[in-house]
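Each structure below appears as structure tokens.
In what comes next, chain A is part of two complexes: it sits with chain B in the first one and with chain C in the second one.
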Partner chain A sequence: MKADLVMANDMFASPVHTRSFIETVRKDYFSTPVQALLTLICASVIVYVIWALVRWAFIDSIWSGTPEDCHAAAGACWAVVKDRYRLIMFGLYPYDEQWRSAIACLAVLATVILSCIPYFWSAKRLPVVWVVGYAVFYYLMKGGIFGLSVVLETQWGGLALTTFVFASTVIIGMPLAIVLALLRRSKLPVISALTALFIDGIRSLPLLSILFTAAIVLPYAMPDFLVGDKLYRVIMGAAVFFAVYQAEVIRSGIQSLPAGQEEASIALGLNYWQTVSRIILPQAFRFALPPTINQVVIAFMETSLIVILGFFEITASGNAAFSAGGWNSFYVEVYTFVALIYFVFTYSLSMYGSYLERSLRLMAR
Partner chain B sequence: MSSLLGSRKQRDVILQLLFLAVIATVIVTSVISTKRNLEITGVTVGWDFLRYSTGSTIAFTLIDYDINSTYARALLVGFVNTIFLGVISVSLAIILGTVIGTARLSGHKLLNFMAKCYVHLFRNIPLILQAFFWYSLVAHLPAPRTAITLPGNIFISNRGVFFPWFNVGGWYCVAAFAVLAAGIVATVSTMKRTARWTAFGWLAAAAAIASAIMYMGSLPDLPFISIPESKGLRFVGGVTIVPELSAAIVAISLFGASYVAEIVRAGFLAVPKGYTEAANALGLQAWHVFWRIKLPLMIRTILPTMTNQIIWLMKATTIGIAIGFSDYFGIISNSINRSGQTLTLIFLLIIGFWAINMTISFVLNAVNRAIALPGYKK
Partner chain C sequence: MNNQAAAIEVRSLAKFYGSHQVLHGVSLEVKAGEKIVICGPSGSGKSTLIRCLNKLEDHQGGTIRVLGTELNDDIENINEVRRDVGMVFQHFNLFPHLTVLENCVLAPMLVRKIDRKTAEEQAMAFLQRVKIPQKAKSYPGELSGGQQQRVAIARALCMKPEIMLFDEPTSALDPEMISEVLDVMIELAQGGMTMICVTHEMGFARKVADRVVFMDQGQIVEDGPPAEFFDNPKHERSKLFLSQILGH
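Let's look at the complex of A and B:
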């Protein structure tokens, strides 16, 4: 009996044909003359680029020294990054207190990593994580408690300022996005129409003009006690811009839910708030997770726009790093360093986003 | 029951009235504060300043402008510059993005790998950082004296890119270009229905009319084509693409292409398998399957997403201000500094971008409806 089963299994097993390496290469890369030519061209381009990069970045490069040493070398001048990394990362934050800046940035990084773990995906846990992470960042940077000296926002700079604007944008923008999405879905025509007008109006403007308006026009249009610091007005502008895009993401998440979900919860006698907070939003967020991550990545990259309004965030501190002390011609190294910081963060988040998208698609099957 | 319904209706009305009241309060408060703050600063809001002379120069202009020109003229210069930068960068982004998106799906693994590297590299670095990078690169090019010379009298230097151009009035060039573009559209759209030679007849006719227009518009006492010549620290003749413009074009088109590539890839993946299988079964060549089946269906699938992307890229041209290109936003910001007319100018900024966005979405939605295939959804 057992033997029969084994035999049956063997019969149904597909004929496995393992290709040898050479066979694979021939089939995939040299099957036709055109393909062979393409393979040769691509391979030589890839090898050349990698070789040139390695030679520039590692073999011919200078890791420490003066600008004169660098001018003598053919490769990259990482000495400029070594000499100026404190300026790039922390801006004009007091030198002896810069460890606070570093830990503060790590706190926000930890917050983002924690929010990628499914355990924290609930309406109770996620806000706690963000509020705690944000508070740690803010009080470490600002000081004034636990014997830390006070450092004003005007002295914040570099990666720390970028992180601050990013975290503030998300923490203000996300609740606002949920409110806007719900208002737009409202069955009351006046509310939904006006919200739609607001969302579509903001969406058709460049972020830069919103930030500009927040920095320059708002002081005219607001009563004096509300005006506040330019930095916070710009953050509000960025948060509103994030919120209108994120509101549409959440709304499309809600729309992809089967109508039965809402009907069933109403039939069970749940009221509006229970339906929204227990049934609609948790499921909508699950659908909207990949595009939400995409929005967060975009929000992180777009913090760099505030350089135009005169803030000393990481792009500006990068510009400052090579514009003095004879480092003038080593802009490529500084930009590479700054780009690498952005790239590591955004690339890993977007990879995580596409991993989630794949697993969601599998779940839906 | 009726009383319950009545109370719900009442509640709805009260809620909406409350909502309106909140919005009205916000608007009234901001109007009152604006009025008071303007009285304090002593600025009178109005449109009069548009007729005053700006007293400043603009580095790159496509239409006539000098130091005595008005603010209205300066804003028009900026608007034309934005459209110019946008049209060039978006077109380049679409062409490059389509090529890379197609490479992403080619069966060839190395080609796919290269396209993938490109997309990830350019998507994950902020546009403004890329713009700074390209601008620094352009600024560190050799001086005009030692400019890089390309065949065809093209010179690349840190003062800009110089290449030969016709000595023809600006509007004649625009008209000739428009005729030529119309000819290309006519050729492509009639190619499927009529014989090849009829289709190319359109192109030949358009080219003839365009040449005639160029000839009519040629400036007297000058050679038809003006060739840039090195004169010490600068070049004379031809046209100049200022470094700010070339850096902005390179940055926006390379960045945009990485997004377009992903849209194109998703579009190809969304073409139902049955269509390509049917085309293969009918014995069409691989090239025809791509050109006649996959590409047209892909374009129809991605057009709505692409519309949003194009609008987004048009908005991204505002980063020109970071590297000193005089686009609409840059001119507005400059005019605010000079005239103090913050509110009016911000209003004009918003109107300008709304106009651009509305035009793009109106045109592309019309195209979307016009090319929709009956029975083919998505």
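Let's look at the complex of A and C:
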């Protein structure tokens, strides 16, 4: 049956392949005079815009020098990025210690990348990766051991802070989401109703109000020894926010499973946790992969919101980069640079998502 | 085989879905090594009865004893029973994200705590018995229905169960695949396994069943040797049912 399908596919596919590129262009874009005209107009606009961009970014641009050099040139002023990249990447972290921030940032990235590799997807390996990654990050950033000078959380900033907030949000939020999704499916009506209330309650609040509550209101409501640094409270707030949305994503994934899967598992004698961890969740995550990647990308973007609470994450440090030293008029270049960094992250996440989807499709159904 | 020991003892079983009663005082005794075929019209409660035997469904009245253990709310008891009772479903219910071999070693490793090497050797032996060892590394989605059902039987056998339950194992299969599954079941029966099969395969029933149990409207209407049931049904409802399934 499978072989037949493949053959049928080939039969349909072959005529498309024989249509040459030239033929395709003529048929699809030049079939009538009006269409040909439209094609030409659109093509020239596109070519013009690309050309203007290339000139601005590469040909007429200034790669190093002073603000005066930049004002004299017609193109982009990349000199501001060259001059200020340490501020953009590391924020207010002490200049001489910024190597620590750089390594710490790499440690978080390594933690995220390792968490993405199926080999580490076990209840034994993932926690090891996370604890090691976090310990490296925390002690490098904060110092106070091995002769490293102490740098308080308020001085952390730039890309290291952004990646740390992002990774923590997802790594705390994902297990929480799983727990919430399972509780909401509980057979005990009280538990499922309370969980549903919690999830829907948090989902009805904007993220900003949750972050404000975590940063500013919570310290009044909690005993002092529990308060901790504002940074960790904000991360907890973001993680809870991530978790309630992700819990619904996971729950919808669980609901896509045929009922027979859970039955077959318990009929074999597997207990609840074995059934959940070996049968239900692996399949639920396969069904829920696209929206999960979506949630993770959103969580990354939303790290920029913490700037409002006085954190110097990468957007804020970007702002600071052009507001002094005569670079004021070159914010476009700085924002382009910051946007490029965001793009690299979110695009990698999306690529990873579609890679996973493809490799998982190969092995199921 | 010790023919005196009761593998399963069901006494006046009552089962409700909400306020709707689907089993009305069902009593059934199955001795070790016995092969029972359960048949009856659709909706008569066959699946419900067989699913109560490993507590996939809770019952509201009567008692069920399986291998000497009474099924109650004690989760330890239930898990013990489930370990020793294999089940094969109409829709196979293989785990699609695991290979055939992984499907077969999962429960022995997690539940029986057998090491992977032993579990895999044993799984290969059972896959051999259901004549599908060459597919060990395939995923269920790459197999035909008949092949999937044979893997499902091997998966259940890997737990070395004392009792096997089958709920219409061939009714989701294309006709040409039915016999490959029935052949495996016949071999299993000849090996002495205690079996309870919900099926309308009357050829199979005649060949291997010690008793045929006919159910209608949540009750056991007739319970006797296959020859008696097929050639000389006592109740009107049995006669009607037989004429319907043998009629075409």
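Just a few scattered comments:
Everything below uses one rule, namely that the second predicted complex is superposed on the first by the 310 of 365 C-alpha atoms of A that agree within 3 Å, B and C clash if a C-alpha of one lies under 4 Å from a C-alpha of the other, contacts with A are read in each partner's own complex, and residues count from 1 in each chain.
Just so we're on the same page, a residue touches a chain if its C-beta (ideal position, glycine included) is under 8 Å from a C-beta of that chain, and two chains touch if they have at least 3 such contacts.
Owing to the predicted nature of the structure, the values given are computational and were not obtained by experimental measurement.
When the two complexes are superposed, the chain touching more residues of chain A, out of chain B and chain C, is B.
In the superposition on chain A, A:P258 contacts chain C only, with no contact to chain B. By the touch criterion stated above, A:N319 is placed in contact with chain B alone, chain C being left untouched. By the document's definition of touching, neither partner reaches A:V47: not chain B, not chain C. After overlaying the two complexes on the shared chain, residue contacts for A:G269 are found with chain C alone; chain B is out of touch. When the two complexes are overlaid on their common chain A, residue A:R278 makes contact with chain C while staying clear of chain B. Once the two complexes are overlaid on the shared chain, A:Y331 sits against chain B while remaining clear of chain C.
In the superposed pair of complexes, A:V131 makes contact with neither chain B nor chain C.
Within the complex formed with chain A, the residues of chain B that make contact are 12, 15-16, 19-20, 23, 29-31, 33-34, 37-38, 108-111, 113-114, 120-121, 123-129, 132-133, 136-137, 140, 311, 315-316, 318-319, 321-322, 329, 333, 336, 342-343, 346, 349-350, 353-354, 357-358.
Residues 28-29, 35, 38-39, 42-43, 45-46, 188-191, 194, 204-209, 212-213, 216-217, 219-224, 297, 301-302, 304-305, 307-308, 315, 318-319, 329, 331-332, 335, 338-339, 342-343, 346-347, 350 of chain A are the ones touching chain B in the complex.
Chain A meets chain C in the complex at residues 1-2, 258, 260-261, 263-271, 274, 278-279, 282-283, 286, 360, 363-365.
Listing the residues of chain C that touch chain A in their complex gives 54, 56, 79, 82-83, 85-87, 89, 91, 93-97, 106-107, 110-111, 139, 141-142, 144, 155-156, 159.
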